[in-house]
């Protein structure tokens, strides 16, 4: 206390301020701009925003709600909803900006909004904030503040060298930690659910994985998809294409997560988990034609409802294209059988080696059963019909794939060309690559397609993997002629440049440039440009309506003949998930139809 | 100066702990039976643990227990001890620590107000923070604040502009 | 008629004086109060506009509700408001006074201030910056000058409505009026 | 004493002399307080309950609101609790930035409370200067974090954004300005002012024994010659990398506590300079994955740090879920504001009640919560 | 009759003038304090607006005593005003002695006290008891000064005391008896209730003391009373120590100088506790005053 200086004159120094300029900011005459990072009112780029509602999820105060906007189209991958912000709740924390999946939501430096009417404190921000004037941007998210996990967990895959000589499944699947980490990336926006042809409860089953409750996941998956082992491997995963995370990062590996969930639950527990231990029968009988994904799906859902199902299949085993079209390295038969066996265990009868239309007519089915679901698929390969396709060394991909699946010997030559740019082309090319490797120790396969690589219908990763395995791509080429040697063997495939595949109305109408000719030497050509179905078993007996090449069905997969339902590739698609959806729809439809609700 | 290990030894010898754990550097957690706790507090206080940071209460609804956590600190050892004990949730009665630390009276009052725990020996447990509270003590897990707010208050709907879902 | 005219213009003069001289009550109901000192003191100095602090409710014209109101504070705030002398004005600060703000699901705060007291205007923010507060007060001045700030009359006219709402939350409320 | 000569006064909650929305009900006789009790709870929002209802990340926006005077302290304790339970390492640069923020916040808080203390004894000039000076620090905060008061900047795993080099320069410039211009002015006008000394010396004394007994920490202890500071006793963030002293005085009165605030600010300036000089490069945030899905294992932790008023602690419990199971806040002034009022206020002159309340740094929101 | 009207007119004029000047001084003070605090402050004419506004507001009464107290306070100061020479402008100031002025000012204080008792607020009671205690503090040295002046010049009339300093400015008591002038300056600060002697209104301790329950028109009246009091006290000081003035303008100017100085010092020093304040008055000012008195007497 003693050493505290004190003097009544010391404070007098403060009088110097009398002659100094005051430090007051004379607002509003002198404005004091907010800092560069200032968290002011929200602005939102309505074009960029996809209405994913993640901002709503993260909002601490329930200040954000999604409001329907009629002038924004509800396209695939986005909802016509945009965030509405309640400034009677907002706390300007900026978490919504940090978490915004597209980066459309931002903050301006504007901070002043005053009104007499509290009802005006709610706004759907667009490029202007609540004051409807332009302001410089304020707080911006950067990589540190970002709340999304943009990097996906890479799935373990066999190396190209290790996988190319066998049909062992190349994707190894997630470990528990990986799966949980990957599952944690999901923001549960449900954009994927809207996009999935089967409208699967994707966020819910991913949440199950995150919560370490796989049984919950399996339940959620079986709501809409009775073939998860299949879809967990070979689904075209449109969901991942629209995944909200994919706008700024890599999409959540939805497909692999689904696979993880079902792979790690024992099929013996399925009945308990799904509550199908005891199903009440209703003594109605349904016939399903075709044991492909659509047929299996319909059979599953109908049998869960208590119907007696008989599936007619002309091949010797169930699965359709899943078994006879998709090679084993992508979809091991064990996995397929796990799904099918569960459906069988529900009491579904299978009649194999029986072709409807030949062994039994549709009319007969109609008499024996209460309703019929037809899903016979597309099993006949189409030909390019260019000169030379009638040669013995020109094959159809579907036939070869089926033979490989049956374990039959297939012809393998040294120098192969595949025509086609779809997944079937990839499947056959890669299968043949494995056979070539077994036989010759090297891969020599060329894939030509009309489409250039950016519009090739095959999955990008399939193309990548094929390339890794040594397959050469020649995209944008139209087959012109297969030149045949005099001894009947093939010489080369002659191609011209494909200028455009579709015309202005987006119809298939390729145009070619004959000045650009390339020839590919080959001793075997496989055509994989699409398949057609054989609906004669229907057409012979009924006048059925078509929509283009496909059978016309309504929302419940019902055809113009009321007891006949159709699904799968003959009605929609072609892919597994659409087939499953039509099968599920048919199940619902048949139930309604038989209860006179349709 | 004791280090964490020596401290735990001391505790093991004198206090019959149910569990001890070095949480991290300078932080020790000790679980005790309710009957030993008050005595442990005065023991530790006489062994340089003179600073009572606060008393926390955790409602373990599923286990039917309230966990009382006494945070002590020693200005000699620079170690923080969290002394934990679990009492039955019903009826939720415990002894006061007011005799050891008079300030505990107010921490206990707080816990009584928000959890409904009674402290025998503490006669000053009247309402302190809340006013005319008629419902379940609000920090209990079975008190649902959102439900309560829904009943008690109305949220603005901005003339129907606000979409709720 | 002539009388009305005189009365009218006298009222205008009073409104004008009121707009030039506002004493706000120093009652920190919530966290927004932390931005009041900068507004009141040297940095933004709201006394430039004739707005100054008042020590007691009796001397105040302006009640700033700076954010959330716990029910316990609401009771005191109502007493305070009723002690103030008309004309008197209430300004709501930030989200909490509009729709609960941060504490929308808190069991102990009110959600809409205008159900309990007549509010002249709201300033957005959590909490509003001093500049926003100044903007708000300048707007309030304009309103007072135009005779539009009539909250205290609304309170008198709808006394039953306000009292009912107050009692719904607080139980019995002592009335000084 | 005849009861009839005693009169009861409601000191607050709306009263210019109280620190915030808080009340002291005291009875007095003549000019001396005879009994007092705290009338707290006006700021109760049920924070601890609200935190149990919100995701880990969402609570980062909630915690600063617990004590409006020292929001950063709350952010820091919360983040530390999360990291302690989840055993998460924080990048070193983030530690440094956190320390810089905390020290700026400390200066900001001290200068504001010195102003408040001065206003309590009627020295409004210093109150104006104090608030003005604080505002320049808030400008820095605004530049770093995007907000003046509630920064929401310190996050589990690190800090929200990196600080740019120009901002460091600005901070250093401001520190020079504080040290060379603003603090000397303050020293002359307030600390050398005989009236101010008279108002504070020997007032609101709390002895060492009393302080330890009730759990008062920080300046209350240091005013009794005990150099206790959690920054030194249980180093966190980057405090083990810097050198600084803990100022102490011997009398335990209001005057000593206010001098400690002054000396603390000078130490903070020293710390900030060292931190800025030695700050390492590198990331400022550990990757914790998707913010909506922060999950830490089951466990609990009592974490505490040194606020400007002493120990500020959180007891956090996680049940392994997406939300905290329980968070209990121990504000620095809790024992003083609730227990101290009753025990130590009686005997004080009415004129010294604001000196008492303000010099002890009673911050009601932290015990109302 | 005309004489009466003239007188009444004069009364009114002087009241209005003093009020206006007092309010202007308050405005100037605010501006100066603001500058010291590094800000701009309200406009100089702010106090006029404040008064106008306050008279436009509703006001709640706390009973007859409360009303009467307010009227008495205002009436007391207005009456005092008539006995103070403002430059050459004066009504009864020829007859007015310093003692009368002191007595009349006490009436005003009593009026305040009555009003306070009427309001029934304990903080107001504390405030008024402090005000009266403080009065005890500063009146004592002030009386010593007055008596030594009266003794020195052998007149108790303010006019007479003022006349005694006529001639050169060196005759002003400020220069003749600087210590006494200094003491009187400190006392003046105390009388005007400026810091550091404003314990009776201390907002942070007791709301605003005596006026805690006064709102609206009552506060307006108190503000007017305050402004007139300031003028009376400044005028007293100017008359006693700065030799008064020939005309109202230079008189006002002198008052302004004193006022500004008082304001500036007031902005620096925190308020005394009431007993410290009284002790202070009885220590330094009283001691010096007595010394000075002894010097004069001997």
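We just call them A, B, C, D and E in the order they show up, numbering each chain from 1.
The definition used in the following text is that contacts are C-beta pairs under 8 Å (C-beta built on N, C-alpha and C of every residue); 3 or more make two chains touch, one makes a residue touch a chain.
The structure displayed is predicted, hence computed values, not measured ones.
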Report the chain closest to the protein's overall CA mean, measuring from each chain's own CA mean. D
Winner on C-beta contact pairs when C-E is weighed against B-C: C-E
Centroid comparison with chain C (C-alpha atoms), farthest chain: A
Separation of chain C from chain D, taking each centre as the mean of its C-alpha atoms, in whole Å: 30
Averaging over Cα atoms per chain, report the distance between chain A and chain C in Å. 56
Just the number, please: Cα centre separation of chain B and chain D in whole Å. 23
Approximate Å spacing (C-alpha centroids) for the pair chain D, chain E: 43
Note the residues in chain A that touch 2 or more other chains, in rising order. 8, 11, 14, 22-24, 26, 34, 60, 86, 88, 91-92, 118, 121
Touching two or more other chains - residues of chain C: 41-43, 45, 48, 55, 57, 72, 98-100, 102, 104-108, 112, 126, 129
If I count partner chains per residue in chain E, which residues reach a count of at least 2? 34, 36-40, 203, 207, 267-269
Could you please write down every pair of chains that are in touch? A-B, A-C, A-D, A-E, B-C, B-D, C-D, C-E, D-E
Across the complex, what residues on chain A touch chain B? 65-68, 84, 86, 88, 118-119, 121-122
Once bound in the complex, which stretches of chain D touch chain A? 54-55, 57-58, 60-62, 125, 132, 139, 142-147, 150, 152, 158-162, 185, 188-194, 197, 201, 251, 255, 283-285, 287, 289-293, 295
Contact set on chain B toward chain A in their complex: 156, 158-159, 161-165
Chain C residues within the chain B interface of the complex: 71-72, 75, 98-100, 104-108, 110-112, 115, 169-171
Interfacial residue positions of chain C with respect to chain D in the complex: 25-31, 33-35, 37-38, 40-43, 53, 55, 57, 68, 70, 72-73, 76, 80, 102-103, 105-109, 126-127, 129
